[in-house]
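Alright, structures below, take your time with them.
The following pair of complexes shares a single chain, chain A, combined with chain B in the former and chain C in the latter.
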Partner chain A sequence: MSSETVHAIIDDIGALLLFTMILIVAAGQIYRAIYAVAAQSLLIAIAAAVLAASTGNRDLWVIAGLTLGVKAIGLPWGLHVVVQRMNVRREVEPVIPIAATLALAVAIVVMAFQVSASLGPIRQAITGNALPVGIALTLTGVLVMATRRTALTQMVGLFASENGLFFTAMAVTQGMPLIIEIGVILDVILAALVMTIMVLRVRSTVDADIADLDRLRG
Partner chain B sequence: MTGDRPLELVLLELTLLVLLGPLVTGAIQKMKARLQCRQGAGVLQPYRDLAKLLRKGTVQADTASGFFWAIPILVLASTVAAGALVPVARLGPPGFPLGDAVMLLGLLALARFLTAIGALDAGGAFGGMGASREMTVAPLVEPVLMMVVFSTAVAAGTTELGALAAHRGTSWFLAWRAADFLGFAAMLVLLPAETGRIPVDNPDTHLELTMLHEGMLLEHSGPGLGCMMLASHTRQIVTLGLVAALFFPVTPMGGSGALALLLGVGSFAVKVGVLVVFLALVESSYAKLRLFRVPQYLGVGFVCALVALALRIL
Partner chain C sequence: MADTLLWVLPLVPIVTALVMLTTRDRRMLSAIDIASSSVLLVLALLLAREVRASGPRAFGVLRVDDLGLVFLLLLVVLTLAVSIYTVGWLRQAVAVGNMQADSVRFYFALVHAFVATMVVTVLADNLGVLWIAMEGTTITSAVLVGYHGHHHGLEAAWKYIIVTTIGISFGLFGTVLIYAAAAASAGAGAMSWSAIMDVAPTLDPGIVRIGFIFVMIGYGTKAGLAPMHLWLPDAHSQAPTPVSALLSGVLIKCALLGIIRFQTIAAAACGPGFPTTVLLVFGLISVVVAAPFILTQHDIKRLLGYHSVEHVGIVALGLGFGGPVGTYGALLHVVNHGVTKALAFFAAGTAIARYNSRDMRVIRGLLGVAPIGATLLMLAALSLAGVPPFSIFVSEVIVLRAGIGDGHWAAVAVFLVMVVVIFAGLLHHAGSMAFGEPTPAAGREREAWSPIVGMVLLAAIMIALGLGIPGSIDGLLRRATEIIVD
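Right, the complex of A and B next:
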């Protein structure tokens, strides 16, 4: 594959990633957000495989496989199980209306492109659109975490944000050292485990979600 | 002015669009019925409905003004005029000044406006409610459609649909850039709204509180109602043709003989067929949204279209 084809494919995957991000922000039900984040991780795995095929970097194949197994299948499945077991309300509870969140997401995307445009032709040469797309994904993930009440939807935001970081790092550096990538994935798994356990424990002991914890006073 | 589509060809395409419009509706309804394990009416049912309506007499509300009878004719005329702008059999700009995608959307908006005026004029409660709802949804749909059109027009440097489609070239899917994916996603979100289908509107109900477009037709009867229904069939196929022209122009370009034209029409039919399957699947797998949730649904389309534009420009 020529480098132009690879750039074009990475750009296309970036557009699809933005689309899944919009779906996550707009999702009114927890399940839809979970499926959207699974699709997003699948796209990241495809991007890693494309980069692996073009650069011949063997580590990237491992990364693609790990992303597919852990982030596209394992974690969404885990979230799914937790949602089923907890018997919570299936609707996302936003702090501000979802339409307002969508408007903020648009502002983030435009800002990300505007900021990266200041890097000039160098950015275009190195990464195509991957850098602004990655920044937009990361910040929108943070936005999702900030504007949702329940812990599970915040977790979806965390995964999406992490996907954005992963995509940026991968596309800009053509593959980081394997040990770092594995460390990042382990971090995510750990965060997911801790949050899941916390959610389940809090619910089983005091029957409250973390949104109710802000009324605690020491 | 030279172009690839002479006047005769445009007239021929226009006739074809108007004639095939009811067939598209019939096909969607048949497919929907099969998906719901029903036998369903034949695909030709819309034609039979139209023929029946044209034979009937007209009854008008006492409160309706003298303008009321002209509404169906004007609506049909502006929709059919919009149909003239859609390239069917051959790509490329028309050989005479005709109008572009902005004109097409404007004509569709005019038809929508006239329908609403007619519904308000007759003074029925359902008509007024349908009109007010339609006018709530329309300002959310039309700007986004404009943005989708512009996001492809920026790349082609023209808003003329035939030229836009020709710029897209024949290797359609492989030539898709990043912005096209998002633009197409926005278009798929908007398509049910623009054609008046679930999850925004429900074309199957009459006399229910959920209806938008059908509510506005209640006061019409006989040939007038026939005109309105033909107009909504035509509007649907025109919208599908717009999507086909913007996103999948696979029309074989070579030659100008009858065979090339037939191939062009055939490929147009295939493209519309794909969209018909999509609409039928969406209609059978989703419930109608509450009216207050519709802006949020259309907001997804808006954001997609805006990001597509951002990808093109920034």
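Right, the complex of A and C next:
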């Protein structure tokens, strides 16, 4: 593949990633947010495979496989099981209206592109529009975490945020050291595990959502 | 020799954690705990001697220099103090049912896993490994924060893990950006700090600037700098006392080390003015934000938590004033605050156990029922408030002198006002706890020996550092300062 084709593919995937992010922000039901984040991870895995094929960097194949197995299948499936097990009828419970969150998300995307446009030399170091898309995904993920009151939706925001990071990291032309990427994925899995245990534990003792507890103040 | 030490150091707590899972005997566990912490201390001192003799050493992704040593020594000393303190603390906690006797081994194993991640953090040369270890500290310590299992603890643990995980993903983003900037010239080794430092002056300032701001927010969250400090008072107050001491004494300092590593890169790429200005702003915000909460607080451990925000702010101010004086003051303050804050949490923990309450309005007349503990609590409070001749006074004066020398008059004025306000607030709280008639709630049992030994160890270091900085420590801090200021 020529580098222009790769550029174009990465930019297309970037656009699709932003679209999945909008789906996550707009999701009124927790299931939809989980499916959207799974689709997003799948796109990241495809991007890794494209970059692996074009650069001949074998490490990226491993990352593509790990992303597919862990982030596109494993974690969403786990979340799905937890949602069913807890039998949550509660939806995502936004703190501010979803329309307002969407407007903020759009502002974040515009700002991310603005900031990256001001950085000339980074164009050689990171493929295509991976930098602004990555920044936008990371910040929007944080936005989702900040504006949702249920623990599982906050976890979805966290995964989306990490996806943004991965997208930028794999598009660095020199490639990230494989061992670092694996370490990062391992950390994400462990964090997700610990969070899930906490959620289930609070649910079983006080029958409340852990993110909804607010006794500690001042 | 030094190379072997480098990889053995993180291995010691990991092996200890695994060994601990094999036994349920509490005495046995405490013995392993203290033995392992002592071994760690001895190994760290050996490493310090090697570095003094033959300069920085690297082994794979790990590297030790004088800057890392400052934090490593603080870590191992506090770990030993925590191990000693835990003996008596645990006996009491099991007796009143705060800890389950048959699951104590998991607690110990987690504490050592937590220590292991912190050891890797201070020894990491590869900035990716630094990040992985830092996230590892979050995961292990979040479980410890919620260890008691009641919903306050779990609420604090949730807030902690969510806020710091978001924060730290910003840190990774910053790391990736700086790596992208360096990869072109430094090649495959571009993730290691020492390799980036070699090419730092040639990096594109625009990218490094954005990368540093991401890192500052990321590791700043973990360090408890305001306005990203929201998790800190909850986590520090809800964690079991020995864990609070480690969180406040060491963990937030490890995050500061991460910031300092990136500060040196940013200073080389964009000139020293840029990172110091950012640090100065965050430092000032932290000092100002912490003050009102310290004044109005009733929960003693939350008080100490907010107090950590203030002191991390002072360290950031020292780094922000910059120059050899400010940086030296900041590093000295890291050590002083680490030791003093651990002592304060220990003393507060024993007082809470005695009164079965963490409300400072209930803890009265401690001097009457527990004279040694009360004296140590007063010493810690006096030192934290910045009273001479204790160690924190010394480092605060050095930081202040750097500010005046550089002509940061506005920052110095704000700093002074806040220090005076906090001084008054803290002494008021501490005085009313120590003196007066003991409330009926006060337990009158004899003071346990092990917490006292742990506290006296720290108090001795605190007082010694206040009276005069020994030549070896002074030399270490000076060499560490040279790494940062260059």
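To be clear about the criterion, the second predicted complex is superposed on the first by the 205 of 218 C-alpha atoms of A that agree within 3 Å, B and C clash if a C-alpha of one lies under 4 Å from a C-alpha of the other, contacts with A are read in each partner's own complex, and residues count from 1 in each chain.
Simple rule for what comes next: a contact is a pair of C-beta atoms (placed from the backbone, for glycine too) under 8 Å apart; a residue touches a chain by one contact, two chains touch by 3 or more.
No experiment lies behind these values; they were computed from the predicted model shown.
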Fit or clash - chain C, chain B, common chain A: fit
Chain B versus chain C as contact partner of A:200, first or second or both or neither: neither
Comparing the two partners chain B and chain C, which touches a greater set of residues in chain A: C
Degrees between the directions from chain A toward chain B and toward chain C, using C-alpha centres, nearest 10: 150
Partner chain(s) touched by A:104 [first = chain B, second = chain C, both, neither]: neither
Contacts of A:113 with chain B and chain C, given as first, second, both or neither: first
Partner chain in contact with A:11 - chain B first, chain C second, else both or neither: first
Partner chain in contact with A:73 - chain B first, chain C second, else both or neither: neither
Distance in angstrom between the closest Cα atoms of chain C and chain B, superposition on A: 18
Footprint of chain B on chain A - complex, ascending: 8, 11-12, 14-16, 18-19, 22-23, 25-26, 28, 98-99, 102, 105-106, 109-110, 113-114, 117, 129, 132
Parts of chain C lying in touch with chain A, wherever the complex brings them together: 126, 128-129, 131-132, 135-136, 138-139, 142-143, 146, 149, 151-152, 154-159, 161-162, 165-166, 169-170, 172-173, 176-177, 179-181, 183-184, 187-188, 190-191, 204, 206-207, 210, 233-234, 237-238, 293, 296-297, 302
Of all residues in chain B, those that touch chain A in their complex: 176-179, 181-182, 185, 293, 295-296, 299-300, 302-304, 306-308, 310-311, 314
Chain C-facing residues of chain A, complex: 115, 118-122, 124-126, 134-135, 138, 141-142, 145, 151, 154, 158, 161-162, 165, 168-169, 172-174, 176-177, 179-180, 183-184, 186-187, 190-191, 194-195, 198, 201-202, 205-206, 208, 210-211, 213-216, 218
